[in-house]
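Following this line, the structures themselves.
There are two complexes below, and they share chain A, which is joined by chain B in the first and by chain C in the second.
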Partner chain A sequence: MLKSIIALALIGCFAVPAMADEDSERAAHWQELQQAFFGDRTVQPGEGTVSLDAPMRALDASLVPVSIVTAPDSKVTGLYLVIDDNPGPLAAYVTYGPRGDPGLLTLRVRVNQYTLMHAVAETAGGRLIGSERFVKAAGGCSAPVGANEAQSLAEIGRMKLRISGPVEADKPVLAQLMIRHPNFNGMQMNQLTRLYTPMRIVKTVDITLNGEPVLSLDGDISLATDPVIGFRFVPRPDSLPAKLHVVVRDSDNAVFEQSFDVPASGS
Partner chain B sequence: MRLAGALLALLLGVCASPIGAADPAPEPEGFWTGPMQGAVPATIAGGKVVTTGELEALISSAMPALVDVGPLPHKPDNLAAEAWIAPPHRTIPYSVWLPGVGKGELAPDVEGWYRAWLTALTDGDLSKPIVIFCHPNCWGSWNAAKRAILYGYKAVHWYPGGIEGWQESGHQTQAVEPETPPQ
Partner chain C sequence: MLHRRHAMFHTFLGGLCLCCLPSVARATSFALKEVAPGIHVRRGVDEEASPGNADAIANAGFIVGSRSVLVFDPGGSLADGAALRALIREQTGLPISHVVMSHVHPDHVFGAGAFAADQPAFVGHARLPASLAARGDYYKERLEEILGPGKAGPVVMPTVTVAETMEIDLGGRLVRLTAHGIAHTDNDLSLLDSATGTLFCGDLLFVGRVPSLDGSVLGWQTELDRLKSLAAARAVPGHGPEQVAWPAGAADLERYLRTLVQETRQAVKDNIGIEAAVETVAAGERGRWTLFDAYNGRNVTQAYKELEWE
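Up next, the complex of A and B:
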């Protein structure tokens, strides 16, 4: 009797196939993604240069706030946000122009399942430096746009800009751009018709200050409904007050443009 | 102090269940044909609802057939092929992933395919334990478990905690490929 139990226990131990552990599976997937996005270039770890912040546990998987901070003087020219376990993992790619400051970038994204996220900074010297974060959120990709859907469509392309803190020449100014856009990712099912709502996403956002580039963002299906982009720009001396101009293009080739006055502080 | 304790317990309770705090839905007459995400029942007639702890015990005592019925992610028709990288499906180790068998209505050939899988996983033994799950608040697993009960399986376990409930308890997952139902 005892022998047969031991025999069973042994079968139990050895009959099952060897299992890769989760950490190495996740690391292998990140390797595949690096190959897909960066080819043979390697991403070096560098918390000191770029850091990624996101809630470890998101309350709403369809609206997960993410912020990327880069160190001053790190000569960052571009930022990638990768959500490893999202279909369409490259959530955003941002390049900076002469009026942009990569010190802070904030976005809101959809998260499909518990996943690693990576922020990768590209430097003027062509280096790729990354940091990672594990986020517990699930179901965000197929989550419906919800109550905002009608409003997002009715007001599609409308924008708001909020400037925080003082506006002074040669100093980074913190701004938040809100874009009304449903950003339908094509994975959301209409609960009444049982059909997938066709994809319609923000493809690019170009921001200039008095005609000089601040940043350009390439978006994808992982950006949340009504995209909100937090960023910094640096006014030139003698250029204040200035005009910040935003051009948004979506996957239906619709173009939305809006200009915002940037007054100098104290004026 | 007592009040503080009660408040703390309340807070912890709220924080520990960020997903699926809504009141349970009543069991539908047949299969659920409404939106697949939403409040699910607390019960399943003819089967047993299991917690993560009960699932752990079941796995260590009588390795059940583990059936993940989570849906396949839907690739948008107008998305560039290179932008879509299907994510690894991370599930409870040793599970078989049968996407789509939890729908409200099944095509006859998909139904036959699901029955054949259950037969294979149990060696045709109707008393062998089966655990069916997908995600929290996912009706698919309730429907699929209900089907298994109607096919005559005597030890159908429905695990509403799903993959995220499993991960919340600190368990490892394993990436699996989907089995493909008949088109």
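Up next, the complex of A and C:
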């Protein structure tokens, strides 16, 4: 399903004018994208339910930090991050399992040109609720490969998990998963060979807690080198200390897995 | 439109140091300064690249031996390189045997085309060809968005590369090039003229103009220590005055890098996200550097993504 969405989006994106700088053009493009991603379902504005934060002017277009906050009890089951004018506008699609908490999601993305960005939350009742931001950044997708990407390729699949704040049963725990992966998007050209560095991107990230799903992320070419995902999980009572397990699959069918110990606070 | 292009251009290049000058005329109005016998430096202006300054924003210099001339950084555009070449010809008619490109950034390489007729050895770090291959055309396009079509100059590949060190005899004058580990970029070269104790640092040394980080902050500290250990009385920075006392002239850069490392590590430790860290890390350095706000946030981003993996 998501694959077909991404395929549609890719087709859609190449039809986009290089510089859609009129508000009406941007709005029309978002209409097209909604049609591609969600068909006849409409996305309702809902700043109260979902909010998107990103720097108005990005310092580094190849690493733009983005955060999505959803209201408690809004029964969000999935989140879409759309970067309207990127080639491949659907940057990420996240679905939550019983151990996941959609209250906060942070990602780092590439931004190719001045663009609207949309966060769309899907609720258990099937509603789609969105909010948008305008981001000034350019060149993030085709920015040449640097020393960082070389390092990233050398350590591909290495992961780190950082947990901040207390870890208590039945309460959301804030965590950050870091994945070494160059996420080559196929748009970075080697001028000597005139060849593009072949695309190699993180396709899926599945996180479970003691075997129960926390979240699944479908990535695309817009995730920055060394993807970093900030998220929340909720330990069951009597389940601490727990094991958080991560499985990353990339477009070369490489699979990277790692387990992390989650100690209870104070233990 | 022009305004927007400028804004976009700076975003494109981020910290990659395509700095500036208002007009070729003004660029060349900087008098050549002889910092030591036979060693001349043309100061770059502390601005971003603009049509007015022809990207003559980095320092460019040359060393005259008894047989030939070596250029250390040929200028930031074809016009800037041509202006530099004219300045050289006012000083000496000796052949220009070597053009050293200190690293990949546009303000340090695009003048090289102006020296093609001299058929010099174009000298760069062993990693420069790969970096120029990856970025050269991209930089050229971005620079021409500012300067105008055809105004950047060709991407000139090095014909001689340095993997560790190399000595060059200019006739009664031996200079030594050193290829550095990943620091300001992954392809930084420095040059030491032992006879006068003059050290050309390229962008391993910024003075006054805020440093830009495009390699490794920890590596930069290491390589700066290495430069400080060299027997040099003066250094020529990549940006800043024609010369500073050495190693005293490294003090501001050292303090900036140390602050960047310490405060970024603290932000990572305190789970302060990258979006908040760019606002706070090294904020105490604002006011001590020109163009601080154009580069510091990006430097923090670079440092953060390096140090968060420690």
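Keep this in mind: the second predicted complex is superposed on the first by the 243 of 267 C-alpha atoms of A that agree within 3 Å, B and C clash if a C-alpha of one lies under 4 Å from a C-alpha of the other, contacts with A are read in each partner's own complex, and residues count from 1 in each chain.
Methods note: a residue touches a chain if its C-beta (ideal position, glycine included) is under 8 Å from a C-beta of that chain, and two chains touch if they have at least 3 such contacts.
All values reported here derive from a predicted model rather than from experimental measurement.
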Fit or clash between chain C and chain B when superposed on chain A: clash
Chain B versus chain C as contact partner of A:Cys141, first or second or both or neither: first
Contacts for A:Arg162 in the overlay, against chain B (first) and chain C (second): which applies, first, second, both or neither? second
Kindly classify A:Arg108 by the partners it touches after superposition: chain B alone (first), chain C alone (second), both, or neither? second
On the A-aligned overlay, A:Gly186 touches which partner chain: chain B = first, chain C = second, or both, or neither? first
Quick one: classify A:Met178 as touching chain B (first), chain C (second), both or neither. second
Using the touch definition from the top, say if A:Tyr196 reaches chain B (first), chain C (second), both or neither. first
Scan A:Leu59 for contacts with chain B and chain C and give back first, second, both or neither. both
In the superposed arrangement, does A:Ile207 touch chain B (first), chain C (second), both or neither? neither
Given the touch rule stated above, what does A:Leu81 touch, chain B (first), chain C (second), both, or neither? neither
Shared chain A footprint, chain B vs chain C, residue numbers 57, 59, 113-114, 136, 138-139, 142-143, 189, 191
In the complex, go through chain C and note every residue touching chain A. 7-8, 11-12, 14-15, 129-130, 132-138, 142, 155, 182, 185-186, 214-216, 271, 273-275, 278, 297-298, 301-302, 305-306, 308-309
So in the complex, which bits of chain A are touching chain C? 53, 55, 57-61, 63, 65, 67, 106, 108, 113-114, 136-139, 142-148, 150, 155, 158, 160, 162, 164, 174, 176, 178, 180, 188-193, 226, 230
List the residues on chain A that touch chain B in their complex, please. 12, 16, 19-22, 25, 29, 32-33, 36, 57, 59, 84-90, 112-115, 136, 138-139, 141-143, 185-187, 189, 191, 196, 198-199, 220-221, 251
For chain B, which residues are in contact with chain A within the complex? 18-19, 34-35, 37, 63, 71, 73-79, 83-88, 90, 93-94, 135-136, 163-164, 167-168, 172-175
